[in-house]
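Please find the structures below.
Two complexes follow with subunit A in common, the first pairing it with subunit B and the second with subunit C.
Let's look at the complex of A and B:
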């Protein structure tokens, strides 16, 4: 009888503790969907600075002017490279579709060649301009591409976070899993760990600063550290303008070739 | 007094330019190339290059001036004004007036519909592709309809291909049945309305495919070598005179680029009406025959194990071929088949790139193989080390078999 009572108490304790940890029984998928669907405005203009820092502490700086707009079923982004000098006036345009399974369309304009080239979006695993961010890290990965599991709650940097493990459904994906710390009341991924194909920690993303602009939570400073190569990239967004009404004509070959 | 006025005007212009803060970008490049093999280690290239872009954008206009100076080992200078143009922007169209480089088509390293700007072959096909193109003087109008563009190019001044000098290591030496003399009196195409060139292109980019359709009424950038055979009254010997002359060409073509799974599939083709070819009989019909001509390419780009790969099959066909047509470095018969291949691999956060580009010509089994290492020493300084290997003994590349070389470049960008 005592054993039954003890078991009952243990079960009760477990239920209570579970209720305490996950009071609304929110799932990992719901958390990642909330992050994915967090409103960030319809369009954005910003100046992006990427500082690449190698293991010796040497820095290389890339500056970009970027414009993006969500047209509902398609999100368009155009980037103009400002520096360094040898890539100045290069531009990159990406059209990302909501439709399940539809690949992005991507073009790059090379000013020396005076040519707009279509490039394969299959190279999403490629690193962006020598940084520690892949093209996929910079885009919005669809929640349905991974299986999500809520691991625990944890407080980091003074913020209450959900910790969610995401495992890609595609076994050949460049990461075997990611673990994300999501701020509970803001749905911002504050920290993210990326594990390589062998399950070994490869990179850590830290969100250093975020601001409320035009009523939307916008991530402004991030740092991606490749712990295997001891190389990191600091990414800073400045002069952020939200919902200024960027027209569709901004996302055309005309603008790619004309530049800013 | 005139000198003072001139100086005042120049100073006023420079001050005005400074007040408007144009962008000054460009590079300084040191380029040294040494011959390999055949017992020679001569320097084939010792060159310093200064490339300056002066640009300014306003709300509804822009300008660009791009002078380029080559300094050679003989202390000689070669000056090129690659571009000098003004842009005017309107709601639905743009106009560009002046000297400009115009690039069409989807092929890489092969010029099929990319024929508006002629080539500068002063160092064969070895310079970067932007240095191979010559600027053309004229007007370009682009009319935009969504993601489509209708482009009209009017060139009142004809710019031909620039061929290497007679003493250059890259000089082309056509063979003739007799030692010829040359008469250049008809080579020049005078700038006039009736001698203008016109080009039209419709292009679009879309979700599934990008394509271009083009047409041109132009001059052949390469002169046709007409022959004149006569008897020397003094010696009684047969005398051959070659008369280079540019001829009108009508061209139509198109190109496309589309994603197919992980691949980018590209194609480009052009049909030339009435292109002149030399014949083996210089006494018949001035040594030439007119034939239609097709030039096309099919290509594939993809990434495998982080290596970017790109390959192209290129074919040229002389329509209604006749045996009287004289073989050239490209043609033994009615067709020429060629492949290009590019492999590029970047590492160390894109500071180090290994690259291999090559042309292979099936006609004469000759090739140009170009391995290269590129290293970003800093954001401003790029170091390159490479080789240009010509295989075969005849054909477009084999003719330069003795010009195998290794080279180094230091490029400072600003």
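Let's look at the complex of A and C:
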């Protein structure tokens, strides 16, 4: 009995001390995990406008209708091009798995060829549709892939943020490190800096706008700037609908061929 | 003028002090301000439409010149050792601060677009170096079946593979080159031989080698000139003072250049060449006159001798210098800034040399005394006799001389039609030099080390997604590659589309064509953007698909090769025009071609202008239009025969050799003016033969000395290790020789036949 009491006290002490200490001593990993696990709903429908801007200021605008749904161990996403006209109804489907080391499955449907083709690529380092975002940058990267360190706390854009440095465990990864500014109470990464293999600043991600939709914090407008190439990508989500109950059958090769 | 010179004569020390002080004043800025311009782009007129366009296109498509590093393994490149070298060297180059990461292309970095049963893949050829036999064979197959890489990165016989590092125009330095060589050499071993080539290397080495060789050779040239000058003048004092004139005028020219903060361009290294060839002339003519005067009046005081020298010589010295300077100033009409500067500063140097000749030499004589001339009577007689005999014979065999001259000029004119312009950098090197051999080696195994970029420009967005237009591009590439041996390869957006069309149809060769619809083209391109590196696309097409960059690889950088390719490419002009597409060119090879044309154009313009100005100036100075025409004869003959010889010997016109026509002008005027002036003075004898003989003994002698001195000096350049400098030495010597012979023979005959001074005197007598 005595020992049990003692153990109970100890546990209680531990829990209490933990509870007390937790807010101050949150670790880098916990912050990033909080961001990764921030609930965004089961599924989403949205109109995406992707604007690519090169160093001479030329713009290319792509309008896309996208549907996505998290099935737990796999996240499925399907996108249909609305414009430019010559790629209209071209569709792209991506299945991204939680399982360690399992590559994404990707398909593309080219209406001019009337064929669905699987595409695959070497790594997650690939850029998404010629933009400045890699698949990883779009939110695929798992917290366990990096070692995180809380650098400091800082106020930017009027928000109190944690500044976390993340260094990849894989030394051959395309970034040598990233630094993320995370809004304290919302777990939204507000700004992120990406450093290339030589440790030189490569890209800066700015979250321009986020909204509370259906009770979830959803990032709406983002801008990724490649400072080395002076190339920019602006992504804007409009007509966002959360949890409309998109069925599994939406994410099939057959649906890809249907168009919008 | 004479009275001013006489006044100056009274203060010889002051002259030395003033000149020395000015020299020091001009020398000081030289120490901090002198810099060599090695970036060839800085030589080109930035406001010329061809350059403006090319520069823009280079920016649009990130067109840069590539350093090519080849790895040769006689047993084939598909082995772990060679591939490790490729990977490690690629990584090392990517990390060099002078090279941007994405600008290094090798088998390690290249995209492999492959077809799979159910789709398309864009992958690296290898990430980890394959170690097993099967893996190596697999890699070999991947390369073999990819037209975009095979014969571009790996040679057909599979013994050579290349790594291409593109660099910006301004990064090449000797240190950088050495660094590249050192990094490369590190990897060399028994099996793998390493080679370094490419335009930046050729251009950079050339820019460094020429002046460096000059630095080595010029002291020897000067030494020989001093030596020969001494042998002809037979006086240390005279030799020193004459050379001082050349030295100080060169120093002033470069000092002024530094003062106004203009860098030294490679053509500027021709300024001392010009000033040596032209600057010694004044001194020689002055001293020659002085010697003859002392011989006649052995008891003369130095004051008397100098005054006599100035009285009879100031006029020809001024006339020759002013006309020569005008000739150089006419180079201002050139569109090329380094040539303009060359013209201005050489003209300044020539005028400075004139002032020093008329001021410094007399002052020197006043201070250091008359040169000791050994009054060897026999020798003098012998000299005169030779000159007299020569003049007599020339006049006696007029017809023969005339006939020979006409034949020579006629043959030269045929030769001139054979002259070809060459903007090649490579051909300036020794045929057996490392640079030429490496280049030949790579050309033998790959498409070519030189490139031309054809830029197709449409006003319409998405024009280059149109299959019709893309098919013309594809056909053009086929025709150019097929017709011309010298074009080894070409590359454009068409190659990407054909490759994708093929792999999307299960590697069926029948689909190695441009897709049929615009939408399919657009969708393939979108697909490529999704799976490959879109930056690769922006090297062949611009952001909105309105401009296309077609790269042709050539096995030679000479103008004949480039022009032959341009000619074939141009046969497609009408096809493109129908679609509202204009053709333009870009890249350093093309710019060099345009640049050379510009230089020549300017040079020929200036030659014609100078000729007209000289005729007018001489006509005014001698108050006779006929004399103006006769005076231009040595220039004409020298220029004609010099260009003719180049045509017959196959020496191409390039920036250096073209500038040599300036020497023909400078020297031709000198000889003609001195000769005519003496002829005028001697015509008081009222006997045509005696006048000719006396002139020959006086001016002819000085001209001979002048020619011997400069020819001897420049022949030294024949031992240069740098072929353009050898050509320079040969052509300067040859020009001197032709001017010399032309003046003493054909011009004498023309003077003789024209009866100019004699008619006047007759008229005078009648009156």
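Methods note: the second predicted complex is superposed on the first by the 234 of 260 C-alpha atoms of A that agree within 3 Å, B and C clash if a C-alpha of one lies under 4 Å from a C-alpha of the other, contacts with A are read in each partner's own complex, and residues count from 1 in each chain.
The definition used in the following text is that contacts are C-beta pairs under 8 Å (C-beta built on N, C-alpha and C of every residue); 3 or more make two chains touch, one makes a residue touch a chain.
Since we're looking at a predicted model, the values are computed, not measured.
S.K.: Quick one: subunit B and subunit C on subunit A, clash or fit?
M.R.: Here the two partners, once superposed via subunit A, clash with each other.
S.K.: Between subunit B and subunit C, whom does A:154 touch in the aligned arrangement: first, second, both, or neither?
M.R.: neither
S.K.: Given the touch rule stated above, what does A:95 touch, subunit B (first), subunit C (second), both, or neither?
M.R.: first
S.K.: Under the stated touch criterion, which partner chain does A:112 make contact with: subunit B (first), subunit C (second), both, or neither?
M.R.: Both partners, subunit B and subunit C.
S.K.: Examine A:61 and indicate which partner it touches, taking first as subunit B and second as subunit C; both and neither are also allowed.
M.R.: first
S.K.: Would you mind checking which one, subunit B or subunit C, touches more residues on subunit A?
M.R.: Counting residues of subunit A touched by each partner, the higher count goes to B.
S.K.: Which of the two partners, first being subunit B and second being subunit C, lies in contact with A:254: first, second, both, or neither?
M.R.: The first partner, subunit B, only.
S.K.: Is A:127 contacted by the first partner subunit B, the second partner subunit C, both or neither?
M.R.: A:127: touches subunit B and subunit C.
S.K.: Which partner does A:86 reach: the first (subunit B), the second (subunit C), both, or neither?
M.R.: Once the two structures are laid over each other on A, A:86 reaches both partners.
S.K.: Who does A:103 touch here: subunit B (first), subunit C (second), both, or neither?
M.R.: first
S.K.: Should A:209 be classified as contacting the first partner (subunit B), the second (subunit C), both, or neither?
M.R.: After superposition on chain A, A:209 lies in contact with neither partner.
S.K.: Looking at the overlay, which bit of subunit C runs into subunit B, 110-118, 308-316, 650-658 or 740-748?
M.R.: The listed stretch with clashing C-alpha atoms is 110-118.
S.K.: Which parts of subunit A are in contact with subunit B and also with subunit C?
M.R.: Overlap of subunit B and subunit C footprints on subunit A: residues 54, 60, 84, 86, 107, 112-113, 115, 117-122, 126-127, 129-130, 229.
S.K.: Subunit B touches which residues of subunit A in the complex?
M.R.: Touching subunit B: residues 52, 54, 60-61, 83-86, 88, 95, 103, 105, 107, 112-123, 126-127, 129-132, 229, 231, 249, 252-254, 258-260 of subunit A.
S.K.: Could you pull out which subunit B residues touch subunit A in their complex?
M.R.: 25-27, 57, 62, 89, 94, 101-103, 106, 128-130, 142, 144, 146-147, 149, 203, 205, 207, 210, 257-259, 261-264, 301-303, 306, 308, 346, 349-351, 376, 378-380, 382, 411, 413-414
S.K.: In the complex, go through subunit A and note every residue touching subunit C.
M.R.: Residue positions touching the partner: 54, 56, 58, 60, 81, 84, 86-87, 90, 92, 107-108, 110-113, 115, 117-122, 126-130, 196, 198, 229.
S.K.: What residues of subunit C sit close enough to touch subunit A in their complex?
M.R.: Going through subunit C, the ones touching subunit A are 59-60, 95, 101, 116, 118-124, 127, 462, 465, 504, 515, 517-524, 526-527, 529-531, 533-535, 538, 542-544.
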